[in-house]
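Multiple structures are listed underneath, in structure tokens.
Same chain, two partners: chain A is paired with chain B first, then with chain C.
For the complex of A and B:
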């Protein structure tokens, strides 16, 4: 508890001054299942990206680039919604 | 029509690291709606899952200005913010275009926040209110709300020998909002992301209040696998349990008509909260639910026909 800040150290009213700083909070350790991306099978339709609740699909220049494992909670929606017959995303047990 | 490729270039307003459950429907709705804003947004939130999980001190997931006051007054808070903005704009102290959007769950919208929402819509504030309807007070432990569907098992309508889950039909909030005579009302589902995007675009573009009602499954409360969230919304739309439609200045248009309307059983059987409906003693209930879904769907189609007839005159 010693690392807690006193009232003089925090902004007035307990304001959070950095927008979107929850990015520093890693929710990746919630995972019991882990999505694996098979790049060759991917057609970059971005269905995984549009349905991801955790903004954990990395997209650059309109192309799927990988998974943000720091924040992915392993819900499995991306693998479920991947429209490829040979899924470009599949779930494995988290080690 | 926007492509996902184009949409992926829009900066995200909701940052990851929020503590919504895995597979939650609400952040999917938020991400999809905010992509259509095309201007900086100021966000208000009613108390609920979304509010508590995105703003756990000392973190926030919002990359936009954010205000939360209490459970019942997201619309009232945002009305004030919007009115202040309009005043500053008139005085020439602010020139930027800013959009105002409020999010509330069904508890904060159908029940507790209904008075402030009704007031804000009636006063005509230039804002968008988005309700993410997961059909119960999921944040506090799955208590029934007026959006809870008939027959659903919740902790305050428990299934037992006395009753088979919630007895009454849910409130039709979208219709209540249409009755306010506001410029834009629509019902949306994250599974139909393009339909959702187009409606959100219209809601943000319209001058005056707009209301969007989104279905947002809760894997905990609905008791389905977290991977099935989007499939749930798809089933809700295909069974006409959650029809997709819009009302522009009161003119109703059904934006998606399932080619083959699925029986509502398809939706019910996938969720643990409806499991007891399949016991022999509850046989009649599914028929009742189907009848009510059919009635609402037919009524909606009739409203659409009426709107078309009026337009043709």
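For the complex of A and C:
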């Protein structure tokens, strides 16, 4: 917790004085399992994109482009629903 | 210069209601409970007569009263409520939230025994149970003090170094329903003294949106609580500063406590609120017989003026601490354990004894107080206290 502010530098009463700052909150650090995407095995069916509860699957021009690890919580639903399974999406232990 | 004051005969509740009229808060959300009822009743009359601009919110419980008051305060309003006993107990979780959000809510509390057995009369079990809720607590001996404390409470609560809620306590029925003579300040003087509430951050400030009450876990909870502790520490100086300023407009002097004939006293009683009036009469009659007795009546219990109490009590040889509520710890009442603990830092420790008295409105008369002073004399003669905790006036 070295980057956290001291009691003098935060607003009183836990108040948040900066609107919309939840954008800065990276929920990805909750992850214990991490999805790995293998581009060669991917058929771009986008089932992972449909199921991801955190909209952490990055899609451009109708194609799977990667995973947003800042917000992926590692639930594994992408790997489970992937029709190509291990060939395209699989889970590993978070280091 | 002190303002010209109006001498009136009023009950403690009426005095408090008139004080609220003079403060003219933006929002009052309250639920009636004996013996606080008249405060809300009188105040609602002022609202319907158009004597105040207050938005008066009738609610279905004290939990809602405190919640609505807190919400109004965070929205940017000067918000007040009032309660007693079970009502205060029902507010419990919101009391903590109010102080931790740093909402400068001011709340008259008319002390009444907590159930059970069900009882409507005075003791201090209600507010003694809320000493750890982070509220500032002021105690009042008379209707005059309840009135004076309430005006000062607004300034203490809203001071930028403090921003904490304040309870202003008076004794149920004895003070709340007894008619006394007191001096009311002119409306304009009170209005000027309390000024306008200008919060730095508030929810209705649309230009600067804020969030109140978010989650703070292992990362920030400690820092928020420490801020609260620092604010309570700051309150000590603010309480004295506001009292000094108030003396200028009222001519009445306030501090952390009142020391009555304590300077050269060998024996002293420490007692809160209305019982202090009875005890002063005993001090006077014992003094007339040449006995060196005195009294200390705490006004401020939160923040606890530990150092000042030690200074005031170290020259006394024997002290009786009177608690109008039991803690059931078997180690004494709350006032007793706190004052005794404070005196641990002193080189001169007087003999100390605790009395639990006046529960559920049982009268404490000059007879009982006289006995307490003679118990102290006996302890001094023996050089020790035989019975540390005495439940006064219990039938066997």
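The criterion applied here is as follows: the second predicted complex is superposed on the first by the 69 of 95 C-alpha atoms of A that agree within 3 Å, B and C clash if a C-alpha of one lies under 4 Å from a C-alpha of the other, contacts with A are read in each partner's own complex, and residues count from 1 in each chain.
One rule holds for everything that comes next: a residue touches a chain if its C-beta (ideal position, glycine included) is under 8 Å from a C-beta of that chain, and two chains touch if they have at least 3 such contacts.
Keep in mind the model is a prediction, meaning the values are calculated, not measured.
**Student:** Report for A:56: first if it touches chain B alone, second if chain C alone, otherwise both or neither.
**Tutor:** In the superposition, A:56 touches chain B alone.
**Student:** Is A:23 in contact with chain B, with chain C, with both, or with neither (first, second, both, neither)?
**Tutor:** It touches chain B, and chain C stays clear.
**Student:** Quick check for you: in the superposed arrangement, does A:83 touch first (chain B), second (chain C), both or neither?
**Tutor:** The answer is neither, since A:83 touches no partner chain.
**Student:** Quick one: is A:14 in contact with chain B, with chain C, with both, or with neither? Answer first, second, both or neither.
**Tutor:** both
**Student:** In the superposed arrangement, does A:75 touch chain B (first), chain C (second), both or neither?
**Tutor:** first
**Student:** Just checking: does A:66 make contact with chain B only, chain C only, both, or neither of them? Give me first, second, both or neither.
**Tutor:** neither
**Student:** Between chain B (first) and chain C (second), which, if any, makes contact with A:6: first, second, both or neither?
**Tutor:** The answer is second: A:6 touches chain C but not chain B.
**Student:** When both complexes are superposed, which of chain B and chain C contacts more residues belonging to chain A?
**Tutor:** B
**Student:** Give me the intersection of chain A's contacts with chain B and its contacts with chain C, in residue numbers.
**Tutor:** 10, 14, 16, 19
**Student:** Tell me, which parts of chain B touch chain A in their complex?
**Tutor:** Per the touch definition, chain B meets chain A at residues 4-9, 12, 14-28, 31-32, 54-64, 190, 193, 219, 225-231.
**Student:** So in the complex, the part of chain C that touches chain A is made up of which residues?
**Tutor:** 100-103, 163, 201, 208-214, 216, 218-220, 223-224, 226-227, 230-231
**Student:** Going by the contact rule set out above, which residues of chain A touch chain C in the complex?
**Tutor:** Chain A reaches chain C through residues 1, 4-7, 10-17, 19.
**Student:** For the complex, which residues does chain A have touching chain B?
**Tutor:** Of all residues in chain A, those touching chain B are 10, 14, 16, 18-27, 30-31, 44-47, 49-56, 59, 62, 68, 70-71, 73-77, 79-81, 91.
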